[in-house]
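Next come two complexes built around chain A: one with chain B, the other with chain C.
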Partner chain A sequence: MRTFYQKHKKTLSLFDGFFLNNTVLERGLVIAPIIVAGNTMKNAVMLSIAFVIITFITVFVSSFIPKKFPYTIRAILHTVLAAIVFIPVSILLQNFFPEAVYKTGIFLPLLVTNSLIVSKSESRFFKKTRGKMAVDLISHVLGFMLVACLVGALREILGNGTFWGNSLGMSETAPALMFPFAGFIILGFLAAALQKFRRYLNQEPKREPEASNE
Partner chain B sequence: MSEVFASIAGFAGDYVAFALIAMFLENTILTRALGTSTSLLIIRKGFPLVLFSVILTVITTLSSVLVFLVNPLLKNVAYSYSVTPLLFVLMISLVYVAVLLITNSCFSKHRQKILPMVHLSAFNCAVLGALLLGSQSNMNFASFLGFGLGTGLGFALATFLLSIAYDRLYSDRVPKAFRGFPAMLIYIGILSLSFYGLIGHEISF
Partner chain C sequence: MGDTVRIGKAKRKKVLSEADRTRRSKHIDLIVTLIPVALMAVYYYGIRVLILAACAIIFSVLSDYLCLRLCGDRKWQSYDFSSVISPLILVLILPASIPYWLAVVGVLIATFVAKYPFGGYGKNIFNPAAVAFAVLALGWPDKVLSYPQPFDNLGVSFTVGGSLTNGVAYRLQLGGAPAIPVMDRLLGNFAGPMGATCILVLMACGLYLLVRRTISWQVVTGTLGSAAAMAFLFPRVSVSRVDSVVFELIAGVLVFGAVFMASDPVTSPKTGWGKALYGVLLGVLTMLFRYFGKMEITFVFALLLCNAVAPKCDEYMALLIQAAKRAARRLAKKPLAPKTQGE
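Now for the complex of A and B:
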């Protein structure tokens, strides 16, 4: 795996926002919805759908805002655009996930000021060509979805003994996993696992000892 | 005279109580994880914590005043839940521009130092989060203002607690896999657990 990674590092780096350079686990961005509201699979899926649509549309459309506008105006336009995209997205989600929208409270509207829109759009995405930006953006939003769903599933199964609201008939659960402090700790362990894996991929492969000719 | 005194005391009481609630019991970082990445960023970049907190508190408090004034307009609007972020973002934008203008005119000597912090503070989850929480709780004016102030001060308190551990958690003495951000998350989790112990129940969000 390491050899394959090192051989294709340049190509794989186009998609590194999905896993190795993950928005949540490596960069520590947009962690609040996962830590507080992402404690069930349904909440995680709903937040992920909203995040994917709002962030992708906003950043992509914002990339057409001329650079000659002052930074302040561009920053305001990015956030206002995200808030406009939020209107149809939230109406749609209220139809499909009415309970989850209620349970995630302020964390759904808060996605309009997420760090990918507010800061990373200018410092990362807009520095690329539009095609590469779209690929990078998709990798990042799907990377968020991956972590949100993983954490949501873990916490719901171990903390509640359910999955997608259905009981799994477990005799023991750890309800504390549903609280924000557990969200921080679980994300910390996942970030450590990713850091370990990234170090492994970037290490020089161990060479086989050469057979002696003597 | 006594009525005036009573109303001033009531205002001050609500103001201080909600500032303390927002600072300790509903700390923006340690109970809702809002502004965590910003907090870590300002520690990493070495921004002056007191100055950043003052800017964040000013923006939150001024935005709270505007939101308190426009919030009643949303009551009769269809899909008010969906429209609320747009209205609040517009209010924050007004405050953002006003703070930039004040910085440029009154603090021109220090503008290079202050401007990056204003940009970072304005569209921060902690600011919008405080406004959304305040509007959902049907707070009065004093409570709304106090909550805005407490959010900024709570952010400063949490960032100070994180900055104490920052160097140690990024040192060579921490195992490589946990060094830096992973250890920091676990540390925030433990701090958050202690705040949860102080509250004793799950807070609404």
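Now for the complex of A and C:
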């Protein structure tokens, strides 16, 4: 795996945002919704769908805003655009996840001002061509979805003994996992595991010692 | 070449620095004083206490070793007995009816969450036993905050049947004074955390540790003094003020925590005045949480907050003392009133 990664590093770096440069685990961005609101699979899926749609559409459309405008104005326009996109997204989610929208509280509307829209769009995405930007953006938003769903599933199964609201018949659960502090701890461990894996991939493979000529 | 390596290894085995020797002797003192507390718990609650302690210590040692290997080390430091002390402290602030698996979960939390993510022993910010207890109390309040009566036959099965009751802290929270005879209050013959109720033994252990300078008197007297003062000035229950002080001191894990947890040299301040401030802050916060909070065991949460601000206690007290010294020097240098002519 390491050899394959090092051989195709340049190609694979296009999709870094999904795993190795994951928005949440590697960069520590957009962690609040996952930690506080993402304690069930339903909440996590709902937050992920909202994040994917709002972020992708906003950043992609914002890439057409001319650079003539000062940065301050552009940042405000990004957020206004995200807020406009949020309206139909929240109506859509209200139809499919009525309870989950209520349970996530402020953290769903907060996605409008997430770091990918406000700062990473200028510092990372807009520096690429549109095609590469779209691929990078999709990797990043799917990376968020991966982490949110993983954490949500873990917390719901072990904390509540349910999955998607359906009981799994577990005799003992760990209700502490439903609290935000457990979300912090789980994210911390996942981030540590990802760091370990990155170091492993970037390590130089051990060379076999040359046979001595005697 | 081989001789040099052997000589080097031999030297490393023999030489312990003065600081390491002091640390080792403090750890041994703590273990020596935790033993009588554990024996009192065995006297009240039976052999189950020993099994809980054994499970906790075994899993603590194993998880410590695993973490050391993950960090690239193979050996413990010869002064480090924290993998025995922390689980013992944790078990003694839990009820005797706690399931074995929950004690093990607590120990694993102490190691994997509170200790090694910060760098291992000597680098942790928060007291591992306090972190573990806080997580267990928030996650499983029905199991962690319900206690068997002393001399109940708990057996050694994985879960305990029979009735459990609330502790003194819960009754005080509701505004009622517990009906416990005076001798029972001192000897711990009432429902509560298994190692935190026997006040006489805790005071004797505390005295021994103070004389040996294993724990700092500033932290202990600051914590207990400020908590007692608040209980005297603002009693929660309608009894005499002295009784209010006694009940507040025996409730929860205040005395046990002041002796065994608050003076942890890794997580507490380093200077004398810093420790005094830390102790007072700890006692005041514990009482405030009791007055206004919902949890009945408040000491560990106050301790975690104080651990976070421990370095600042040193800093602010140093600034305060410097300011006081400057003010004193200025007052000393102030000129006398001028003499009038003719004198």
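Note that the second predicted complex is superposed on the first by the 208 of 214 C-alpha atoms of A that agree within 3 Å, B and C clash if a C-alpha of one lies under 4 Å from a C-alpha of the other, contacts with A are read in each partner's own complex, and residues count from 1 in each chain.
As a working rule, a residue touches a chain if its C-beta (ideal position, glycine included) is under 8 Å from a C-beta of that chain, and two chains touch if they have at least 3 such contacts.
Here the structure is a predicted model, which is why all the values come from computation and not from measurement.
When the two structures are aligned on the shared chain, A:113 is found in touch with chain B, with no touch to chain C.
In the superposition on chain A, A:179 makes contact with both chain B and chain C. The partner of chain A that touches more of its residues, comparing chain B with chain C, is B. Of the two partner chains placed by the overlay, only chain B lies in contact with A:187; chain C stays clear of it.
Judged by the touch definition given at the top, the superposed model places A:168 against neither chain B nor chain C.
179, 181, 185, 188, 192 are the residues of chain A that lie in the contact sets of both chain B and chain C, per the superposition on chain A. Looking at the complex, you find that chain B touches chain A at residues 31-37, 40, 79, 81-86, 89-90, 92-93, 96-97, 100, 119-120, 122-125, 127-129, 132-133, 136, 176-186, 188-190, 192-193, 196, 202, 204-205. Residue ranges of chain A in contact with chain B, taken from their complex: 26-32, 35-37, 71-72, 75-76, 79-80, 82-84, 86-88, 90-91, 94, 104-107, 109-110, 112-115, 118-119, 179-185, 187-189, 191-193, 195-196, 199.
Of all residues in chain A, those touching chain C in their complex are 172, 174-177, 179, 181, 185, 188, 192. Here chain C touches chain A in the complex through residues 101, 105, 113, 117, 135-136, 138-140, going by the rule given at the top.
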